[in-house]
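Shared between the two complexes below is subunit A, which has subunit B as its partner in the first and subunit C in the second.
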Partner chain A sequence: MNTAFQRLQRDRRGELLAAWQQHLAATFDRHHPHPPSLDVQREVLFDALLNTLTSGAPEDDFRLDPETDLARHLNRLIAEQARQLANPSDTIGALLALKQLVARALIDTNPQTPVIEDLLWLDRVFDGLSLFAFKSFVDIRERLIAEQSLSLLELSTPVLRVWSQVLLLPLVGVIDTQRARQITERLLEAIALHEARVTILDLTGVPVLDTSVAQHLMKTIDAARLLGSRVVMTGISPEGAQTLTKLGIRFADVISRATLRAGLAEALLLIDRRIAPIDEARPS
Partner chain B sequence: MRIPILQLDRILLVSIQVDLTDNDAMQFQSDLVERVAAIEALGVAIDITALDVVDSYMARVINDTANMVRLLGAEVVICGIQPFVALTLIEMGRGLLGADCAFNLGQALEMLKGRIAKRGDTRFVGDEDV
Partner chain C sequence: MSEPLDPECLPIRSTLDVVTARHAARELCERLGFGKADQTRLATAVSELARNVIQYAGEGRCLIEDGSDDRQRCIRVRIEDQGPGIRDLQQALTDGYSTSGGLGAGLPGTRRLVDEFQIESAPGSTRVTIALIKRR
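After this line comes the complex of A and B, so read on.
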């Protein structure tokens, strides 16, 4: 039990909380939306923190157990702020501001007795809290990023059926090994499903064509050919063509066209179809 | 020295008349591919009538250029290889020039036109730019 903090909690709880809320309103909350639930959350956190401070002896070591109330409240508050894409320094800054307030109050309420041990204890608690807060902030952000890149992966490799037996695979963005494998898998499934005779591979959205990308492409093309689908490549940039050739990469038996439009025409020819004006097609 | 690139509808004509240095070759290749991409060329004829000697480097430059152009979706024909040049190329190794060859520019153009006529994108009606 810690008497100095007990006295503080008994006499000056309301005053401290008000001061903290006021400080936050003046700094952090000015730039961010401020839902009313936030005040309640902060108050709960504040009480949990004071309880922790009073329950420990000044010479105790402090380590924040993630199962405690304090850790849970802190986590919830941080999760909210991380999701609002707040600056991590604001979150930690709010904690450190509270530390200043408590330290000042501690010195004021005990004018005669030395409070150095108590201050050190306070310091240790807040250090532990800050570390914990920082870690969980980063964890939450990283989870967010992982989720987003996963959804990006899902988004960016559609296999489109543009005509019966003609598939279009528009490649957009950087192609790494993982994506390349996924692209190949998806494409082969689609070829088998639709019995595609022609596959158009559109590279307009691929910024860099280098050895690894070219190798992945070759594998995809070879696999498609094994299933019996002709491959038409479209949209290679002049720079891309130069790089591929200088790297000594030969796409044998692959039809290459400048634009998707030309590639589509080629694909239609390969399946003996053509697009005709409406008048011509209409039975007279 | 920059090699002029002539345009005949959507066919490009280039004539290499001197031995190219490394820099010339790179310049020539990038000029040509930029041009092919810019006009969405359907065919390219590379004329080397004026070359009396084609070493392995020149052969590679020509071959590479043909491959680049093909990747950009145009047909390529090389024309005007001198008998003596053909002999040395064969002696240096077959397949040094992978692209199709024609006797002279006229035949090259005919060959290009024939191949272009068979392509899907030129047989499309109603898709012409206005």
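After this line comes the complex of A and C, so read on.
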């Protein structure tokens, strides 16, 4: 038990909490939405923190155990702020502001006795908290990013059926090994499902066609062919074509058209269809 | 335009950095007044080289600088790593040769894409310098 902190908790809890909330309102909260639940959350965290400070002896080592109330409250607060895309330094800044307030109060309430040991203990606790806060902040952000890139991946490889037996695969963005694998998987499934005879591979949205991308494409095309689907490539830009030939990459015997429109016409031709004016189709 | 722009140094550690590097190269290329074909040429070359870094050395860096003077516009990119190095440069620059099951078009293709191409490699240090040059 630590008497200096106990005295602090007994005599000045309300005052400290108010000062901290005030400080946060003036700094952090000005830039962020401030739901009423936040005050409650902070108060809970504040109390958990004071309890930790009072329960330890000044010579104790401090490591924040993730199973404690304090860690749980801190984690919840950080999760909230990370989700609001707050700056991590704001979160940790809020903790350090509280440390300042507590240290000042500690010195003021104990004018006679030296409080160096207590201050060091305070320091250790807040160091532990800051490290913990930083780590959980990064963890949460990383999880968010991973979730987002996963959902992007989901979104970015649609296989569209533009006509019976004609599929369109518009490729957009960076094609790395993982995406290439996913694209191929999706396409092959769709080819099998729709018994597609032609697949249009539109590359308009692919920023750079280098050897690695080309190799992925070739494998996709080969696999599609094994399932009996012809492949029509579209949307290679004039610069892209020039670059590919300079690189020495040849898409031998792959049908290629400059635009998606021309590719669609070619695809229809391959399944003996054409787009004709309505009048022509009607018997006169 | 007469004042050369500061060189930009980018780390290459993941495929994301490959995208960043080629984007930066393309951007500077555009700022220096190169055309779209040249931008694509350089971006592709940087993409090839940076990807090699990831694949063979794990990490490295990419330095993009403006080497223009009164007579010519010039953009120079240096890509280097501390990887195992290329054992046989002659072979690595031959079309169709690859130690990794790739197309074997990366290095020789890149050499054809750019106006200047220098490569030096030893165990622990590989450095490729490429440049696009256009007379004013």
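The definition used in the following text is that the second predicted complex is superposed on the first by the 281 of 284 C-alpha atoms of A that agree within 3 Å, B and C clash if a C-alpha of one lies under 4 Å from a C-alpha of the other, contacts with A are read in each partner's own complex, and residues count from 1 in each chain.
The rule is short, and it goes like this: contacts are C-beta pairs under 8 Å (C-beta built on N, C-alpha and C of every residue); 3 or more make two chains touch, one makes a residue touch a chain.
Just so it is clear, the structure is predicted and the values come from calculations on it, not from any experiment.
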| Are subunit B and subunit C a fit on subunit A, or do they clash, once the structures share the same frame? | fit
| said: Output check: A:277 vs subunit B and subunit C. Expected answer is one of first, second, both, neither. What do you get? | reply: first
| said: After the superposition on A, what does A:258 contact: first (subunit B), second (subunit C), both or neither? | reply: first
| message | One more residue to check, A:63. First (subunit B), second (subunit C), both or neither? | response | neither
| query | Once both structures sit on top of one another, what is the angle subunit B-subunit A-subunit C taken between CA centres, to the nearest 10 degrees? | reply | 40
| query | Where does A:211 make contact in the superposed view: on subunit B (first), on subunit C (second), on both, or on neither? | reply | second
| said: Tell me the contact category for A:242 with respect to subunit B and subunit C: first, second, both or neither. | reply: both
| request: Tell me which partner A:10 touches in the superposition: subunit B (first), subunit C (second), both or neither. | output: neither
| said: Under the stated touch criterion, name the partner, subunit B or subunit C, that contacts more residues in subunit A. | reply: B
| note | When the two complexes are superposed, subunit B comes to within a least CA distance of subunit C, in Å, of 6
| request: Starting from the residues of subunit A touching subunit B, keep only those that also touch subunit C in the other complex, and list them. | output: 237-238, 240, 242, 246
| Residues on subunit A engaged by subunit C in the complex (per definition of touch) | 174, 176, 207-212, 214-215, 237-240, 242-243, 246-249
| remark: Seen from subunit A, its contact residues with subunit B in the complex are 233-234, 236-238, 240-242, 244-246, 250-251, 256-259, 261-263, 265-270, 274-277
| remark: Within the complex, subunit A is touched by subunit C residues 15, 19, 22, 36-37, 39-41, 43-44, 47-48, 51, 95, 102-103, 105-106, 108-110, 112-113
| Residues on subunit B engaged by subunit A in the complex (per definition of touch) | 29-30, 33-34, 36-37, 40-41, 64, 67-74, 119-127
